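In the two assemblies presented below, chain A is common to both, partnered first by chain B and then by chain C.
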Partner chain A sequence: MVRYILQRILAMILTLLIILTVAFMVVRLMPGSVFDLDPELSDTAIKAMNAKYHFDQPMIKQYGYFMADVLFHNDWGTSIAMRPNVAVWDILKDRIPVTLKLNLISLFAALPFGLFFGIVAAINKNTLVDHLVSLMVVLFISIPSFIYAAGLQYFVGYKWKWLPLIYDPAAHGWAQFRSMILPMLALSFDPIARVARYLRAELIENINSDYMLLAKAKGLTFRQSIMRHALRNSMVPMMNIIIPMFAEVLSGSLVIESIFAVAGMGGLMVDSINSSDHMLTVAILMFYSLISLITILIVDISYGIVDPRVRMGVKG
Partner chain B sequence: MDNDTILSVQDLAVSFRTYSGKVQAVRGVSFDLKKGETLAIVGESGSGKSVTTKAIMGLLAKNATIESGKILFDDHDLVKYKEKDFCKLRGKDISLVFQDPLSALNPIMKIGKQITETLVLREGLSRREAKKKAIELMEMVGIPDPETRYNEYPFQFSGGMRQRIVIAIALASNARILICDEPTTALDVTIQAKILDQIKQIKRDRQLSVIFITHDLGVVANMADRICIMYAGRIVEVGTADEIFYHPAHPYTWALLSSVPDLETKERLMAIPGTPPNMVAPPEGDAFAERNKYALAIDFEQAPPYFRLSDTHYAATWLLHPKAPKVEMPDVLKARIARMRQKAGLDNE
Partner chain C sequence: MTFYEDNKELYDSIPAEKFQLVQNNEDIHDAAFRTKPIGFFKDVWLRFIRNKASVIGGIIILIIMVFAAIGPSMNSYTYTEQHTDLANMPPKVPWIAKLNLGIMDGHYTLTKRQYDNIKDTSKYPEGCILKLKNPRIINGVKIVDVVVDYYKYKGLDDSQCYWLGSDYLGRDIWTRLWKGTRISLFIALFSVLCNVIIGVIYGSICGYYGGAVDMVLQRIMEIINAFPRIVVLTLFIMVAGTGMFSLIMAMVIKGWIPIARMIRSQFYRFKGHEYVLASRTMGTNDQKLIFRHILPNSIGPVITQAMMAVPTTIFSESFLAYIGLGLQAPNSSIGVMLSTGQKVLMQYPTQVLYPAIIISLLMICFNLFGDGLRDAFDPTQRGVS
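Right after this comes the complex of A and B.
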């Protein structure tokens, strides 16, 4: 198991290096320079600045400088457009916790609801309850989160004035949490629906399996057989869905953060691309890649924990 | 219900609602299970044998209804039982061993836990007591090194071992009736024989009453005291094992016996022509008439009653009616029965 995890981590580091290279190349090969945006800069000034940031050197050399800085000094460069002359790392340092907090809370708040609806639908398969849950799932999955975001802002925030319209970074504790409820809600609908849908399908399959019949035949009540057998077995494939869902929530958060003015990574990414702030863009890309890879790693490891067949390396 | 009878099924009829209509899977089945006997129910797929046992255990699918009949156990009618009552009965009074041991165990739960589960949850044993009992049970069903195996998972067990575990689970709460639903069908032949011996021995030791479901007459020969032959949701012939094997009376029983090979079989094995009837609209007369070369005209019009051959032997075929033409069983079968008798040393009879 330890060997397996080490292998996975090594592969993950290699993947990250490749992504870093590709990200650097793609961003740098985009036409246009950050200095084009400012008509007041003189040619001499542009030249001087290009020299300062090594922009006048061949691509391969630029790549060498960049990799050396990142790998040996954790120096991701300096922001040029967004917050000029501030180190990229310092910008991210403030933003990452906000995004992680919002997204993690959204996902974890969504899970119990998703699980609940999935169980209810599976147990009441093909009844009115099941159909209502299915309807809800379709609505939650097919309508994009920013529609819900706008709706929530309009009704809950503006019309009924129950909750603040936008995220309030200055507030603390309860007040800040209150301002996070609307973006969290907007982000939760999709995971709730996905979890409910997958769990319903898995659970129905497990409820009809032979071992459930045995569980009943040996005298367990319906509730006991569901809780102890069907649900636990359904959770094995669920791991594979729930954990990567974090990456999906994060991508939904790109838009949601802008709508609710959350000072997180989402808004920063879009702005940095638009303003040709290359260093910042590469660093943000790396952040999202890292999160995705970590979720995949956690899935692989958790499989081994939940399913003894994987842990012991046996097929079948 | 007399004192010897532990379970009595009376005129049981079960049907399933499906998209193509109401399937009448069981149509008036009656039998008694005596204390300490092994009753075999034999029939081909879809004859209603498993449905009958599921009705006894209250494990019928949601789209099934018990149309009529009684299942008497300890002066209670199980047909009237609610799910809550069945939870107390299953495993404790009546236990079930399934057909497919490979899928019957929960793949991600330790073997030991699967055995002790009900002991802890229902009987209130402590974990340690339950473990001790589980290890005893595993020893009894012939699992070597039960202490280690207790903490292993089903995928670490072979098919035969898994079926032993399923039997151990069935016996965990000292059930009085053990229903074996084709317990050896999924296993290869050598393992089959071992498992059957095991069931026989446990039955003796614990004085269990066993209902043994199978489609394989060969398996039944060494196990059963009495045999019910089922076809299309009805029992067509019932008798002691000797009566069924040496004096079969129903053409379906003849066909079944003819289709089992023995070592001396030289001629082509007889297959039963045709397919079982569609149980959405079962035929009016004898359900087997369509496939029966001995069928009489009345077989297509009216279902035959049970004709008594002896106190224990009844068969539902018009051939036994006093006015019916005399029909002998096929020669192939006669020769085979003669061989069986010879082997059993009954030739002088």
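Right after this comes the complex of A and C.
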């Protein structure tokens, strides 16, 4: 098992290094980037640039410096457009908690609703309730989150004035939470629908299984047999869809954050792309890569624990 | 030892005339098929049309495609034509305006206007004011919200109208919407086609040859698949620029992998079957075995998966437009229209509304259509999602 986990972690680190390499190539080799030295620059400016970015060195050495800076000094370069001359890491470190908070709360707030709808639909299979839940699932999964965001912002925020239009970074406590409700709502529709759909399918399969017949035969009520047997068995595979969902919610929040002006990574990434602040963009992309690789790693390891065939390398 | 040999005495004791042939005087029912044989695709079709939701989904997709084809030429505007003095016009369709429903009649609410100016025809041309709302006094000045017929307010005659309004440069939204739908659909369908071609070839090679070839190709696939989707899309577009071709390519980088995986597992399932073995024994070459004998088994799942990939690609295109990596002006796509509309959402919500309706319809209908196809191709999968 330890060997398996080490293997997965090694593979993840390798992937991250490849992504970093690609990122380096994107930043340095892209035509028209800041790193094409302007011939009109003064000598001192060029010297300063060379000292910082090593343009006078061959490309392979530049690559070495870049990797060393990132890996050993946590130095992601300097922002040039968004907040000139501020180190990228200094910009990011205030933003990461906001994004994580927004996304984690959305995901975990979505879970109970998803579970509830899934259970209700499974118990009332092929009734009106089930069909309504199915309709809801189709709508929530199909329609992109930014459409919901626009609708919520216009109606709830602007027309009816129930909640703040945009995120309020200056507020604290309840007031700040209130301004986060709309983005969280927009983000949570998709996880709600996915959890509901998955749990419904799992639960229906479990309800039709033999041990449920036994539970009924030995005199458990319907509620007891569902709560103690069917639901518990359905929850085991749920973990494997909830963790990867975090990466999905996170990518949805790129747009949602910029719509609601949330001071997080998503909004920052949109701004940095639009202002061609490539160093910043790359650092943010690395953050997203890291998160999504970690979620894959957790899922892989948990599969390995639950199902020994996976870590033995048996292919299905 | 047969049954007869076991019970020889019993049978021999029955006199021969007591035996009589079954079917002696009856029609033989199964001598020939009375009905026409139903082929694979007919069977799929019959199952598909029984699923009402997917049929409706398919019809709506067709309608949207027809409009995407003919919509831009239905009025005299072109999608790049700018009238900066007629920016952000509200939607107006003459025959809907006549119904007095309060929608699409070119009305617009001007907020916080001075009441004293209402009679001034240089500011408010004859007959443009429809209603006065919300009179109030601010700093001793009487203020009202004026609902106007924006077309008369701008001094246009009745003949000129923007069916779905105009955007911030005075471009006709109807034309741009359908032009954009056409481009979004083209990007989606073309990139899915590329994905299918690459995925089928790659998956076939993996699955058919197996062994070391499969091993190496699988590792390559795993590495590509480990890159997060957004990171790939963003980095690729940053390097390749924001053209239609680079958008399609960006969708292809990771898009072919699910299809290759599926094809590979199909090959593993079928290549050991007796009919393949028989064909190989008779000297059929690899190419024919792959394309004639094994691949056709996967046609159902391939079509289904391709249809399911279309909404994802449409979504990705809009997503890229939102984060500023969409098509560049003056090109139009659903994503570009949404993201430009988003900037003026509070003032002109209709600019988001129409592209939002189209993208939602497309996403829902393609999902329903794909579900229906999956059930039709493989009835055992019904209800699993």
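Quick note on the criterion: the second predicted complex is superposed on the first by the 263 of 316 C-alpha atoms of A that agree within 3 Å, B and C clash if a C-alpha of one lies under 4 Å from a C-alpha of the other, contacts with A are read in each partner's own complex, and residues count from 1 in each chain.
As a convention for this text, a contact is a pair of C-beta atoms (placed from the backbone, for glycine too) under 8 Å apart; a residue touches a chain by one contact, two chains touch by 3 or more.
Fair warning: this is a prediction, and the values are worked out from it, not measured in the lab.
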Chain B versus chain C as contact partner of A:W162, first or second or both or neither: neither
First, second, both or neither for A:L254, with chain B first and chain C second: second
Per-residue touch tally on chain A - higher for chain B or for chain C: C
First, second, both or neither for A:T15, with chain B first and chain C second: second
First, second, both or neither for A:I273, with chain B first and chain C second: second
Touched partner set for A:S289, first chain B, second chain C, both or neither: second
Chain B versus chain C as contact partner of A:N233, first or second or both or neither: first
Touching partner for A:F108 - first (chain B), second (chain C), both, neither: neither
Which of chain B and chain C A:I143 touches, first, second, both or neither: second
Set of chain A residues, in rising order, touched by both chain B and chain C: none
Partner chain A, residues of chain B touching it in the complex: 57, 59, 83-84, 87-92, 95-96, 98, 100, 103-109, 117-118, 121-122, 153, 155-156, 166, 169-170, 172-173
Partner chain B, residues of chain A touching it in the complex: 209-211, 213-222, 224, 228-229, 232-233, 236, 306-309, 312, 314, 316
Chain A contact footprint on chain C (complex, rising order): 223, 226-231, 234-235, 238-239, 311, 315, 318-319, 322-325, 338, 342, 345-346, 349, 352, 356, 359-360, 363-364, 367-368, 383-385
Parts of chain A lying in touch with chain C, wherever the complex brings them together: 11-12, 15, 18-19, 22-23, 26, 29-30, 138-139, 141-144, 146-147, 150-151, 153-154, 158, 165, 197, 201, 247, 251, 254-255, 258-259, 269-270, 273-274, 278, 281, 285, 288-289, 292-293, 296
